[in-house]
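By letter and in written order, the chains are A, B and C; residue numbering begins at 1 in each of them.
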Amino acid sequence: MTNFEKDQYQRDLAARINAADGNYQYTEDNALAEISELDTTWQRIKNMLKSNKVAMVSLIVIIAIILIAVFAPLIIPCDPYEIDLPNRIKGPTAEHLLGTDEFGRDILSRLMMGSRVSLVVGLVPTIISMGIGIVLGLVAGFSGGKVDFIIMRLADVCLAFPSILFAMLVSYTIGQNLLTIFVALSIISWAGTARIVRAQTLQLKEKEFVEAAISIGVKKRTIIFKHILPNCVPHLIVLFTMHVPSNILSESSLSFLGVGAQPPSTSWGLMVFKMKEFLASQPVGTLAPGIALLIMVLAFNFLGDGLRDAIDPTLKD
Amino acid sequence: MSNEKEILVSARGLTKEFAAQASMWNSKKQVVHAVTDVNLDIYKGETLALVGESGCGKSTLGRLILHLIQPTRGSVVFNGTDLSKLSDEELRQQRKSMQMIFQDPFASLNPRWTIRRIVEEPLRTHNMFNGSDEEREKRVRELLSRCGIRPEFMDRYPHQFSGGQRQRVAIARALALNPQLIVCDEPVSALDVSIQAQVLNLLGKLQKETHLTHLFISHDLSVVRYLSDRVCVMFLGKICELGVTRDVYENPLHPYTKFLLDAIPLPDPELRKEDKDMLTGEIPSPVNPPSGCLFHTRCPKCTEKCTKEIPELKRTADGRMVACHLVEGEKIE
Amino acid sequence: MENNVKNTLEIKGMKTHFFTRRGVVPAVDGVDITIPKATIVGIVGESGCGKSMTAMSVMQLLQYPGRIVEGEILLDGENLVGKTKKEMCEIRGNDISMIFQEPMTSLNPVYTVGKQVTEAIMLHQDVSKEEAKRMTIDIFKKVGIPEPEKRYSSYPHQLSGGLRQRVMIGMAMVCKPKLMIADEPTTALDVTIEAQILHLMRQLRDETGTSIMMITHNLGVVAELCDYVYVMYAGKVMEAAPVKELFKNPSHPYTFGLLNSIPKITYTKDELYTIKGMVPNLQQLPSGCRFCPRCEKTMRVCTEKMPELIDIGGGHLVRCCLYDKEVVGAYE
């Protein structure tokens, strides 16, 4: 009996047994069971938030901070600019829940108003600088050669420049306001993004799916923005969550040096620095903005980590 | 006989040299001879297989024919057009009629795209169906089901499919524009044994249905035997033997082809030979290829002439082309 | 020292499970494998069948979250399950050694290959440095490395794939182990080099009497090299037989399909035989026989219980209901 005859014999045998077994037919369609449910990025993010409690809490915190910042003028308990010298540097009371600062202003109200500056300073320069960095990084990485050389040397120059000094220079040149801070922080931090995006692009360029796109005849621009950029997103999210806190902290240093938020308006960083002299008599005054900063920074980081994992469709478990 | 067939691709004097640095401390530039002076015709409707060991230049040659990499010297004429004379935009348009299937289906599909978008990409790129969404979707469904993927799954991502299914998606993408030539670069070597047969059968079936021309690159000589009409054996960037598959397998003329065929472990222990003729030594480096015949360092029949003179491709009595001093044949102009 | 156990390795009912967040993955699910002295035993299967995990379990090199949950691994009659890390370090390299698919990743790129082998010798044997160096050059000669003195001071990247694999085999053989586990040792190599390496492994077995556990997906390699074969599928041994018997008379539908779905160099056919469906996901195993969704001979009983290994004579074992006399007896 050859193997194929044996195979046929076994088929017949199984068919006979199945016929005797009330025409039994095996029906499980394994191909269907194998392919899991529809799985979009949004669903992955939802699932991640469900299973990752830290990311969920972080998201709630960020939303809360944004809401406070938007509605600050409506919900503040006192006027944040009202000077009340007799009651300066007082600990928490029923009237001033977090006490008062060196001019007797309500710290809770100033914290709420300050969140606006801190949030904007965290987000806007990050978005601008990352936008510049992504485009230049993609172009440099994909084109290579002279274009790459010029862009990367420009980035080196920006990285080599002392950032705080540069910000001060900008603010003395074009005036001291928030715009200055945006410009200064953006110009400094695009180079880091560009470098990372370029490195990613160089790696992705060698991938077969990019070669496949070229072999189909897809235009260069489409390859860069539709194939390479989406695959950089996990790194970009991490970068974003690192840039936002670092910009908030830079703004604090700049405020301290007198080129950031200008009194009487305020930011969390400025509040920490202003109140640090009174740490012994009114610790809440320093700790409250400090802790607020800490919470915001951590929330961005944790949410970023969670998003990175959720967005990568190839990551399992 | 072969003269009557229509030529689709004709490569002349195709050469690719890569520059490589010798080592971290040595900045002296070295030249890697990936493909050297290859003349090759691919006939319409045939499956031509390129076989050889790693580093023999078969993948490079496949990409040169598609002009995915620029040749250092030589030309590729595709359907009467010289690809090296085209502008970027003209070459992009030309790509409609030549497609590629890659080795690793995990890498050749963008992980962030649904398979619908992946198969649609060639249609969108070349603006087929004048941008009609319905017709495009119809075409995608048809392509997927032809390749054995249920169209219901077209909104899933590649990672939700197994290797074999992903390769089917890649095949559907390659077929989308009704190309004339498909270059398959080791399309089954990354797949499981039981899945390989499924994909090979699919490729065979599509070949029969569409009369496509295939350039099939593989290191697996058993797969090549199953699929190809003609086979081209390469060694170190050069063709050593080119002929009708059955002739080459049954009566290899070039000593290298013979060793290559003998070396395959046969899935039959009864045929086990305790002392089979084995090639000794390693593949020479493409940076410093040996003088004369590239194979002479490993060839047991090596003569003095082999070490000095480079053998030309000769046409033998049965219409095969062999590059070996020991084989009789007439010179090709 | 010599004991009269005739099997180098006996694996009895071994289960290796991975405890992942999504549940337990039974990578190896009750496997019995016997490797007699001076024998080359092949373990074949597709990806995810548990062949590599069987090897890792024997070496006790399982990565978290995997562990052996049941069974015994007897090396010359001595149970390896439950050995401490320190004891296993003594055994690894000395009594069992392993070679991998990609020799580049198992060699340290910053040391010369000679130094790495010499250190391996000095770790397990009480010899002087000069003695170890001499042994290294000897073993290099034995595994067919040309100019062994010169190659002694080469770095891994300066050697070709074939030579690196020879170095790995040399390193594995230098302490004269009782068992060598080879995990796809020729998959990354070209056919002409593969033939050389297979020849070398058989030659070493004949000379030293080392048993070899050959893990591969390539049925050609099995036919070429092995004496006895285990076919694994989804963590279980489906069929086991002496090599000639297995290829002449493949009895499990899976083995039959596997053997017939590979294109043969000796003849061509219009269409290849195919096994439908795909390799199963170990987290969604079908009930009953694990092969039944892909089998064309599935009966009701197949979906109800996993059949036992049935002896069909001549050392040939098959795990299939079609050989169960209780199931088919009345219909034959």
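Quick note on the criterion: a contact is a pair of C-beta atoms (placed from the backbone, for glycine too) under 8 Å apart; a residue touches a chain by one contact, two chains touch by 3 or more.
The model shown is predicted, which means the values in this text are computed figures rather than measured ones.
With centres computed as the average of Cα coordinates, no chain lies farther from subunit B than A.
Counting C-beta pairs in contact across B-C and across A-C gives the higher total for B-C.
Mean C-alpha positions place subunit A and subunit B at a centre distance of 45 Å. Averaging Cα coordinates per chain places subunit B and subunit C 32 Å apart. We define each chain's centre as the mean of its Cα atoms; on that basis subunit A and subunit C are separated by 47 Å. Shared contact sites, meaning residues of subunit B that touch two or more other chains, fall at 162.
Looking at subunit A, one finds that residues 31, 34 touch two or more other chains.
Within subunit C, residues 259, 278, 294 each touch two or more of the remaining chains.
Within the complex formed with subunit C, the residues of subunit B that make contact are 53-54, 162, 164-165, 192-198, 200-201, 204, 219, 221-223, 225-227, 246, 249, 259-272, 276, 278-283.
Every residue of subunit A that touches subunit B in the complex is listed here, in rising order: 31, 34-36, 38-39, 207-209, 211-219, 222, 227, 230-231, 233, 313-314, 316. Of all residues in subunit B, only 66, 68, 91-96, 98-100, 102-104, 107-112, 121-122, 125-126, 150, 153, 155-157, 159-162, 170, 173, 177 touch subunit A in the complex they form.
Contact residues of subunit C toward subunit B in the complex are 46-47, 146, 160-163, 190-196, 198-199, 217-225, 243-244, 247-248, 257-259, 261-266, 268-276, 278-279, 294. Within the complex formed with subunit C, the residues of subunit A that make contact are 3, 6-7, 10-11, 13-14, 16-18, 20-21, 24, 26, 28, 30-31, 33-34, 317.
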